[in-house]
Every structure is written in C-alpha cells, then in structure tokens.
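Letters A, B and C mark the chains in the order given here, with residues in each chain numbered from 1 onward.
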Amino acid sequence: MTEPGSNVTEIDARLAAEALIVDVDGFEGPLDLLLSLSRTQKVDLRTISVLALAEQYLSFVDRAKALRIELAADYLVMAAWLAFLKSKLLLPPDPKEDGPSAEEMADHLAFQLERLAAMREAAARLMGRDRLGRDVFARGMPEGISTHRNVMYQATLLDLMQAYARIRTKDDFRPYVMDREAILTMEQALDRLRGMIAFAGQWSDLASYLPVEWQGDSARRRSSLASTFAATLELAKEGRVELRQSDIFGPIELRKTPE
Amino acid sequence: MTDQDDDMPPGADPEELGALEDPGLFDAPPLAEQERMVEAMLFATSEPLTLREMGTRMPQGCDPATAVAMLQNHYRGRGVNVVQVGGAWALRTAPDVSFLMQKEVVETRKLSRAAIETLAIIAYHQPATRAEIEEIRGVAVSRGTIDLLLDLDWIRIGRRRETPGRPVTFIVTEAFLDHFSLSSARDLPGLGELRAAGLLDARRMPGQQEDAAETDDAGPEDEEDEGQEEMF
Amino acid sequence: MTDQDDDMPPGADPEELGALEDPGLFDAPPLAEQERMVEAMLFATSEPLTLREMGTRMPQGCDPATAVAMLQNHYRGRGVNVVQVGGAWALRTAPDVSFLMQKEVVETRKLSRAAIETLAIIAYHQPATRAEIEEIRGVAVSRGTIDLLLDLDWIRIGRRRETPGRPVTFIVTEAFLDHFSLSSARDLPGLGELRAAGLLDARRMPGQQEDAAETDDAGPEDEEDEGQEEMF
C-alpha cells in the first residue's frame, strides 16, 4: 500500500485522462478534437487563443502517449503541425523566412474550426426541417402518369434503292481477298479424319489419309498435308489417336488410341 | 359549429351553447380545421380510410363525417374528387382528365442499315431465304432484323423452299407496297435503271453477266416462286 | 386568357382579340379547366412534375405556369399544399397536420454524423469535391458515406472540376430539396449569414497554392447548363 493521498491524485489523473481517451473514439478526427478542446475556452471561435489550444492539444497527445494509447496517424500529424505553429508563435518572426506567418496560420486554423462548427450547426438545422415522410407527406395512392413510346420506322423508296445499289456495288468492287480455292482448312481436314479414325486400328502413314482429289496440284497437296497433320495433332490432344515418327523426316504414322 | 360562435343570437350564453355542442374537455378544432385534417389524411394514406379510422387519428370531439362531406363539396368539379370506396373514403383524379395521365409518344426512327439492306434484298429477290440474304449481304442477318421487318408487317413468311432443310422464304407484303407507294414489287427499278439514276456505278466486272435484278423485270410475272431462284 | 372574352370592351372585335391572345388553331381550354388538369396531374404522382412535363400532356396553348400559380393559391392554407421543388412542383401535406399521419411514417434509418455533415457540406458548398469535404471535416470521408447519400438520391455527381486530376464534384438533387421541404438550394437555412461571414469561401491554408475550389466561384456563371451550380 502506498500513501493514500498520492494514490487519489493518481486515480483522478487517470480518470481524467481516460475520460479524454474514451472520447477519442467519438471524435471525428483531429479537427473535431480541437473544436471540442476550444469549447473549454468559452470564447467566440474568432477570438480563440490558438496558442492555448495548441498547448491543450499537445498535452492531450502526450497523455495519450503516456498511457500507451495508439493514436491514429492524422492526430500525430496535427500534433507535429501544432508544435511547429506553437514554436513559430512564441519566437520572434524570422525576416529571412518566406511563407505564411504564424499569425496567418493561426488565423486559418481558427477559420477551419469556425467553419466546421458552422457546418455542424447548418447540418443540425437541415435535419430539423420539415422532412418528407416524417413531417410532410407525398401522395399515398399515386395513380401514376405514364408515357408510352410508339416507335415508327421510316424508310423511303430511295433508301431502299440506295441500299440495294450499295449491296450490288459492293459486289463489283469487293476488296481483294485471298483465293481460298487451294486451301483445305483444318476444320475440313478434322471433319474428314474424325470420320476415318474409327477404322485406323493399325499404324498407318499419314499420307494415306490425304484426300485423293487434292493430290494432283502441288499447292493443293501441300495445303491438305498441312491441315491433315494439324488435324491429327488436334485429335492426339483429344487423346483419340497416337502419333509416331521413327526418324527425322521419316513418315508420320498414326493409329486410333487402343481402348 | 364551434367556429361560428360570433354568429350566435344576442343574449345567448356562450358558455352554455358551447357546453351543449362540445361535451369534451377541450374544444374540438373548428370544422374548417377538421376538413384540412381529413384532406391531408386522404391525400397521404395508401388505402381508403373509413370515418372510424379518421376519427381515431383526429383530436377528440372531431366529426369526420361532416368534415368529409365538406371536403367532398370542396372538391366537387375539381381535378380531384372525394369518392367513397366500399365503406371508406379516398381522393381520386377526376375521370374526365385521365387522358393527361397517359401520353402516347410517336417516335420516328430510321431503319438500321442492316434492316434496310435486308428489306431491299427481299424486295428485289423475293422469295428469299435467310441464307440467300446472308449470301448477298456477305454478313449474317440477325434474328432481330428479320423480326423487326416482320413486326413492321413489311415482310412475311412465304412458301418453304423445296430444297434440303426446306428453309422458309420471305416475301414483301401489301403494307410494304403501300408504304413505298409501289403497286407491285415488279415496279422496283431494275439494276439498269439504278445505274441510269446514278445510284449504281456504271462499270461492271468483266465477264459477269447481267444478273439478278435485271431479270426482275421479266421474272416474277410468270411464276411467283420459281422465277427468282436462279438468281443465286 | 380565352375564358375572359366576355369581359372585353364593347365594340372590340372578338375575332381580332382572340387572334391576338391565342395564336393556336384551337382555343386552349379555359384557365379554370387548366387548373383542374394541373391539379389532377400533381395528385396522380408522388414525384414532383416540371411545368414542361405538365405542358406536354396538356392540350395545345395551355399555360401550366399560370395554372400552377392559381392552384397554389387555391391550396393555400389547406391540408395539402402546392410546393415548389427545384424546377418542379408537387403536392405535399401541410406540416402542421403531420401528427395525423403517424401511421404513414416510414422508419428511416438514422444517419451517421459523418453522413449528415457530409450532406450539409455538399449542400452549402456545392459543387464540392471529396477533397473539399475532407478539408472541411478534417477527416477522410469514407466511400460508404458518399455511397449512402448517392443511394438516398440526395446527392449526385456534378461536373468534373477542371483542375489537375479533374475530380468529380457532388451536388444535391431535387429529391434532397423535396425531402427537406426546400423550394431551391437558395433556401437552405442560414445560407445568407454563412456567406456573409465568409464561411462558405474556399479559403486554403495560407502558403498553399490556390487551386481547385477557388476556380468555381467564377466557373459556373459562364456556362449555364446545370442550373443548380449557380444557385449561390
């Protein structure tokens, strides 16, 4: 047991500090806390002593620190700024330094507090107005008014003729496209192979799967070989055929995957 | 009528008269005030209100029946009327101004390029299957385009083509001819005339014979259906 | 005023007067009739209607502005009033009889202090950017607060501020005016005093460059498009 007297002061101090700390949750940021502290000065916000306010704020932050209360970063930023402002207010102005004077900064802080207080009051007055659904009421049985949009499409004979002429002209002047006569597409090859693969129980040369009618012309043969080969790879990926090639440039052989 | 105390005969005891008319501890509001209350309630409520319901909401000693009767009188001949719905009361807009509540707006829109081209192809090549339209336009024809033209009653479904799959064909309608002031689809200018009108470039691909629409002029007369199949 | 033809001076040519007063092919309905129409329309909706919206529904030659003014006069002092909401008009119950509507009250969730303050800042400073709101409150505005206000349709996104980053601004809506019984944002309580006290000025911390907020005092006056932005 320690001496009762000091114990009491300690408890008082702790309670006072805790009262403030408990409130920290209720504060909406450092400006709100400052506004709250400024009320203790019981003066018009325009004539507030910013220096006194800064001291109050800094001692609040110190107490919070002493109690190992984690303060949000913006409270600490404000503390640093106020410490800076306090030192500027206490020291004689440095003529070489440019930037705002301590008085200007203090003025602005007072303005911010006054503006916040004014907005709070305005918000309260706004909320106190006659409100729809509470003090005044809209029609309870609206019958509704509606707009039906009827779209009418217009086209003239000339539009029709021009459209037709456009299509026909497009044919006459169609842009050059690659002639696909000599191309066997992979889809075509794949379609062919899918039909034939059921019968490929034995290893057999890929060349035997090429369509006969594509063998005459060399361009057509190359195309059919390429697409058929690509198609076998696709079927191999699907797990439906197996492929093998015994040596480099040797014949490629395939067979149906044994079941 | 508590609000007419001023009119009472000279010599009458105001206390006594008041006591006769208003047995409540407090005076009921003047009737004009009661009418305002009924008005506000009937306006704001989402369901018709009975006199009883109104009475329970109003201050003691009020007479909703009289107030409603006054209100009904006030709204007589106006844009809104006090009407009785079953055993309850409601405010309703007057029937003769109901035309204001519904507005029909006609919007004129131009046909999309896809629609007008599809229509042109059907008109020039009818009967035309969807595949044929796509072949000529070189792009797929969306279901919506055909539906719109069907909807407008400018095309209709013709005979099925007797080819594999028996695809439906589209032909233009009377309404189409009406809209474009044509007496028949044969009146559509042929390619030669389009060219003469400067709508079609005069040059032709070498070796290509006069096609489609050119034969139109002769074609459809004979057989509605077959005559045009050779176009493709 | 075609319904006052009877009052014209003797000897005047009715044809000529009519032609002067009503250039339309058909006479517009008498004003009393127009008043009924406006009354019915305002009753039929729970949302405010603009004069334009009313005008497009009424017969040609009608004058909804005069009709609304007459209607407003007719409803003065009654249980239901004609009120202006921004650029539109609505019927609303008189505030003094709200006690009758207890049953109609929809329980609204309580707004947080942050939401209330943010709303007030936007209303009094509009158009206001998020940064400006944070500057005034001295604390970050959570996404949820703005979302809630947008959700309630009390604020909406205005024009982008033409400053670096082109931040969006927020302005209050007609629904906001309607909810708080304001006929325009100019009627915000205490607006004049706050302005006179310089508390609505976009003052920045001395030494910081003037940006953003400073420009809007000049800005909106030039371009007329938003209406709301020039209320102040």
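What we mean here is this: contacts are C-beta pairs under 8 Å (C-beta built on N, C-alpha and C of every residue); 3 or more make two chains touch, one makes a residue touch a chain.
Quick caveat, the model's predicted, so the values are computed rather than measured.
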By mean Cα position, the chain sitting nearest the middle: C
Longest centre-to-centre distance from chain C, chain (CA-based): A
Cα-centroid distance, chain A relative to chain C, in whole angstrom: 34
Distance between chain centroids, defined by C-alpha means - chain B, chain C (Å): 30
Interchain centroid distance [CA atoms averaged], chain A/chain B, Å: 41
Overlap residues in chain C, where contacts from two or more other chains coincide: 41, 43-44, 57, 91, 93-94, 101, 104
Contacts with 2+ other chains: residues of chain A: 137-140, 143-145
Chain B - residues contacting chain A, complex: 40, 43-47, 90-93, 100-111, 113, 115-117, 119-121, 123-124, 136-138, 148, 152, 179-182, 188-189, 191, 194, 197, 199-201, 203-205, 212-213
Footprint of chain C on chain A - complex, ascending: 28-32, 74, 99-100, 104-105, 107-108, 111-112, 114-116, 118-123, 125-127, 129-140, 142-145
Contacting residues of chain C [partner chain B, same complex]: 35-41, 43-44, 56-58, 77-80, 91, 93-94, 97, 100-104
Of chain A, residues touching chain B in the complex: 137-141, 143-157, 159-173
